[in-house]
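Next come the structures, one after another.
Each of the next two complexes has chain A plus one other chain: chain B in the first, chain C in the second.
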Partner chain A sequence: MSGIEFPAELQKKIDETSPVDVVIGVTGTADPSALRTKAKCLRGIAPDGENGQPAKIVVAFAGAAVADPVTALEDGMLLAEYPTAPAAEVMNLWRDVSAAQRSVLALAAAWQSRACMVIYGDLAGLEAEPVRAFVEPVVKGGIDLVMPVYPVSKHDGLINKSILAPMSRALYGKRVRWPLAADYCAGAKMLEKLASDGARAQREADLLWPSNVVAMNGGQINQAAMKVRHAPPADGLDLNAVLQELVGSLFEEAEACAAQWQRARASQPATRQGEPCPPVESGEPVDTGPMVESFVIGSRNLEEVWRLVMPPATVLELKRLARQEPEQFRMPDALWARIIYDFALAHRMRRVSRTHVLGALTPLYLGWVASYVQEVAGATALEAERRVDQLGKVFEEQKPYFVSRWRWPERAV
Partner chain B sequence: MTAAERTRTKRAGSAGDALWYKDAIFYELHVKAFADSNNDGIGDFQGLIQKLDYIVDLGATCIWLLPFFPSPLRDDGYDISDYMNVHPSYGTLEDFRQFLNVAHDRCLQVMIELVVNHTSDQHPWFQAARHAPAGSPERDFYVWSDTDQRYRDARIIFTDTEKSNWSWDPVAQAYYWHRFFSHQPDLNFDNPQVLEEVLKVLRFWLDMGVDALRLDAVPYLVERDGTNCENLAETHAAIKAIRQAIDAEYGSRMILAEANQPPAAVRPYFGNADECHMAFHFPLMPRIYMALSQEDRLPITDIMAQTPEIPESCQWGLFLRNHDELTLEMVTGDERDYMYLAYSADPRMRINVGIRRRLAPLLDNNRGRIELLNSLLFSFPGTPILYYGDEIGMGDNIYLGDRNGVRTPMQWSGDRNAGFSRANPARLYSPVIMDAIYGYEAINVEAQEADPSSLLNWMRNMIALRKLFKVFGRGTLRFLDPSNRKILAYLRELDGEQVLCVANLSRVWQPVQLDLTGFEGMIPVEMLGYVEFPAVGKEYYPLTLGPYGFLWLELQTPSVSADDEQED
Partner chain C sequence: MWNQIGQAIHDSMARVMTQIAKLLPGILAFIVALLIFLVLGWLFAFVLRRVLTAMKFDEHVGRGARGSIAEMSPEHTPTVLITRLVFWCFVVLGLLVGLSAFGASSAEPGVAAYVFAYVPRLIGAAVLLFAGNVLARFLSRSVLIGAVNLNLHYARLLALGVKWLVLVLTAAMVLDHLRIGGAIVDLAFGILFGGIVFALALAVGLGSRELVSRSLGREAAKPSEVQPEQQKLRHF
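The block that comes next holds the complex of A and B.
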């Protein structure tokens, strides 16, 4: 059981109409009439039944309908409203998106659906082609999870590139480009696991890391292009807050799943299928000066915290970096990987408050960004992608360092 | 179902996994000894609540509370006069509920005592029984006789204080039966009404959300002439009835048998997974100490060879020390003599058939020995049970009576009364340990938290490490048989996960050649530091261990990285 209970009327409708073939859940509120129009394009995304009956497809969105939460569309399609907490109606944080994703996945599990596609609330992904590209491998190919690859420039999604993706890859053993995704499709076997996600689903602030959960459960993961660009849920928030939310959650995930990720060794690719995303070239050159300056200021002001978090050799190396000429500023990948691992450990050990730990990471992250931006300044989007992949490998190579320190940490302050 | 039962409010168990106890780390404590919040010199539930984070940080997952019920306290609370209340010195029922909620909020399970072999002679049931006419339902709650010659084959347990298992009651004008102190009359489980009352007590606490019950003195529930009055079929029937009630009405709860018996005699207490979920492995504990003293693994491998298989859902409870004496009832006479010589030079260290000392003093405060024994505790098949204070190496006081020398206040800091209480030191329920080696100024939590190399921090790391590997709680055990008997080596296996544990029981370096046939090509990875050792080959695998050293090696298959992913 996912642990999510639905209102009686919705549950009754589910019982009357289950099983279904596909649930497509929008993680947010939506205008039902706009959805009805959009939903028409989804008719052919799943194969018809053996007797020629059209696939039963449910399109779900966050709503408040009590009396009639499920209405019939054409060709066996249903439009359903799933309940969501009032605070989550405006999904401006990843935790709201994750909560909505869990609701959608639980809904699909209750409906005994063969597949469940979650779609970001801006509806940009609610088109036949991308949805089919995600649903088909699950329904026809038995894949457990299809994760998206978004078209981004080399300067986009840097928290993901620098921390979320490489650390997820190293820890959970799957090379997934966007482990924290707004759109993906999961198969029946994984619905309950994703919806409940262990005890962590009870903690509202926790984000859902679908590929990490599926990897820990031995599921097969593919990737497909999602050729849309969302305004990320964290847009408009300051960097500190975003790191607190995203990186803090990844660290919490690492703490909760330590028994599993310490078993995963090396990594396996997540097969990419279909047309690749076209490379997106970046626009204006980025001025890295302020970032290096933030790093240097951080190295002066935060040394006390850094010394609590990282071993002396690392702090010394950072001091050396702070003395580099800004235009020559480079942060070695191995150093960066060890920094992230040390911060994950400090987050676990609570030597200082978690807010302080993650706050002290911000100037280091800016240092990495400056280093990366300068390094890929003349590179194509594809070359920059390869560079990011290289970083993932280094995170894997440094994993024994992390495991070792995790298993036998220095405890006293 | 009665009206009262229909209106009962039942709280669900706090553990998600029905087999939670298999992966648990138990922490045994006495409320009176842990922390005093109101400065009356006696620990209480509010004090315990304030210290729950310490237990969480240690890594324990289940708190075992020694008896906290109203009692004349003539046997440290095991003489209960009211099963459904809290001793006023420790707080109120509401305090207990609050403690339970706060513990559950921290993902800690809670085990309490179900002491139903006997009550206090002050319990209203006994007072009613002795005043009631012979043959009346009230009288029938206890075991009476006109003679003290029945059940003569039953041994006396508290040999230092009791001369007979019968005592004369001048009011009842009859003898009453007691397996322990004379002020603890045994309940009569031949009377079905007694079992009903026991089930009411059980429901009272389980309804509240208590996760587990320790069945105290469980082999002695029923008596029969011509037997030793231990482990009788009628006793097992009573336990089955208790288990049935739990399974019918509750989820994720556990009962643990205190049956100080040889392993083969304890086995029936698991039944066909229809009696107790857990039982202590009493005979293992003294043999661990014996193996250490003799620098020979035989006492351990021998007792484990005598340990029968138990049902899949059941579990042994393992411990190095507890609130009682280090009991030597389950060893031979020669072994007992050896243990007395090796571990209790001063006769004051002995009580009944055992040794009343804490872990650290037993091991001469030798850090290597303490770590070695804990490594065995954490890697043997079963659930480890820690006794409060042993995680910091607390000492004992052999000059206190009974077993009180191992029940002294927890040593939190170097402050007055070891930070346990702000009361006048003379008012404490027990003096704190004050000697130069184990005294609170030398041994306390505050100091050890600040010391990266402290025993406390070592214990925290070991517990955290053990919790990463389910194989320790759930896996199989197979001993290796190297020619060097000072080395204890064994394999734990679960679902393809294999851990090799090697321990040096000797005070000096020891070499060993291990037969790892079947593991050729695998890489032993030292688990504490995640260090790869040379791969296992066709020859015997050589290792060298320092004094009291131990190794936990995860046997890994060489990893193969898949090809690089396709690029966009």
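The block that comes next holds the complex of A and C.
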């Protein structure tokens, strides 16, 4: 059981109509009339049944309908409202989305669906072609999870490029471009696992890392192009708050799954299917001066906290970096990987409060961004992709350092 | 006459020895009570730690109130904090029982009564001192990290100022709680605190007017300078 319970009326409808072929869940509230219109074009995303009956497709969205949560559309399609998960107490970027994703996956599990496509609340991905590209490999090919590859420029998704993707790759052994995705499709075998995600689903602060969960359960992961650009509502959230939420959750995941990721060895590629996303070129030069300045201010003032988190040799190397000319500022990949691993360990050990650990990471992250932006200034989007892939490899190479420190944190390095 | 002097010394010696002899059982009772409660405290703390570890108490607390305890005392898990609290409760209880035994067996009940009356103040002061230190460290680091992330060059100075402000406030509260110094502490603290605020006001108003206005102007101008660069980058 996923641990998520649905209202009696909805559960009754589920029991009456299950099993279904595909559940397409929107992670947010939506206008039902707009969804009805969009749903029409989704007909045919899954193959018809053996006796020629059209595939049973459910389009679900967050709502409050208690009396009539499921309405029938034409051609065997259903429109369902699932109860909105209570919003997190603090302003957040991804916690509410993760909670909605868990609800959608639990709904699909209750419906005994063969596949569940999760769609971001802006409905940009709710088109026949991308949905088919995600659903088909799951329904026909038996793939457990299809993750998206978004068309981004070299200056987009920097937290993902610098920390989330390379650390997930090194720890869980799957080269997934966006481990914290807004749209993806999961197969029947993984629905329960993703919806419950162990005991961690009960914690509203924890985010859902679909590819990491599936990788730990030995599932097969593919990647498909999702040619949309989402803009998560980051109003009122500064970089520090976003880092706290996303990186903090990844560190918590690492702590909760230490037994699994320590066993994982070299990473495996997640097969990219279909046409690749056309690279988005970004010709505008970026002034890295303010970011280098942030790093230098951090280096001058945060030594006391950094020394509690990182070994002396790393702090010394950072001091040396702070003396570089801003134009020549470069942060070596190995150093960056060790920094992230040290912070993950400090997060676990609580030598300093977790808020402070992640707060002290912000200037270092800005230092990495400055270094990366300067390095890829003259590069194409494809070359920048290769650069990010190279960083992932270095994270893998440095994994023994992390495992060693994780097992023997008090041992001098 | 020498006989009388000798007799007087002998009598006073006998009186002192009698007094000491009367005190000894009290002191012994104090030590025995303290030792018994130390052992009891250690035993209870040991059993409690085993029980809480078996119940995975740390994980449950971490899930409920995410890090609220850990944020204030990051080096200790909730289990360690609770077991230590239980142990020290037993130690304090042992001290009180020992004092009571001392008072009951000594001829000077006034001493025990005086110490008893002062013990709650001592405990309160110790708690204040501990809380003040933890708070000072926590706030100082929070200000330091917050100021660094706002790109303030004088972040460390700010953090140091906050730390000492909280420590001075704590010291004044502790002394006041112990009733040491009386009005002098209030007065001294008032003068010190008022002096700091007055000095800052003077610095802003007169001495560093130019510097402060330049600094504030730079800070105010920063968003408009940085914004176009920030728009070119998307962190998530």
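Here is the rule we go by: the second predicted complex is superposed on the first by the 398 of 413 C-alpha atoms of A that agree within 3 Å, B and C clash if a C-alpha of one lies under 4 Å from a C-alpha of the other, contacts with A are read in each partner's own complex, and residues count from 1 in each chain.
By definition in this document, a contact is a pair of C-beta atoms (placed from the backbone, for glycine too) under 8 Å apart; a residue touches a chain by one contact, two chains touch by 3 or more.
Source: prediction; values computed, not measured.
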Side-by-side fit of chain B and chain C on chain A, or clash: clash
Which of chain B and chain C A:356 touches, first, second, both or neither: second
A:158 touches, of chain B and chain C: first, second, both or neither? second
Contact breadth on chain A, by residue count: chain C or chain B: C
Partner chain(s) touched by A:324 [first = chain B, second = chain C, both, neither]: neither
First (chain B), second (chain C), both or neither touched by A:409: first
Contacts of A:265 with chain B and chain C, given as first, second, both or neither: first
Doubly contacted residues of chain A, that is, touched by chain B and again by chain C: 199
Chain A residues within the chain C interface of the complex: 93, 152, 155-160, 199, 202-203, 205, 232, 234, 238-240, 242, 246, 282, 284, 286-287, 290, 293-294, 297-298, 300-302, 304-305, 350-356, 359-360, 362-363, 369, 373
Chain A-facing residues of chain C, complex: 63, 66-67, 70-72, 74-75, 77, 138, 141-142, 144-149, 151-153, 155-156, 159, 225-226, 229, 232-236
Contacting residues of chain B [partner chain A, same complex]: 16, 449-452, 454, 457, 460-461, 464-465, 467-470, 497, 527-531, 556, 559-568
Parts of chain A lying in touch with chain B, wherever the complex brings them together: 149, 175, 199, 225, 258-259, 262-263, 265-272, 276-277, 279, 382, 385-386, 389, 396, 400, 403-404, 407-413
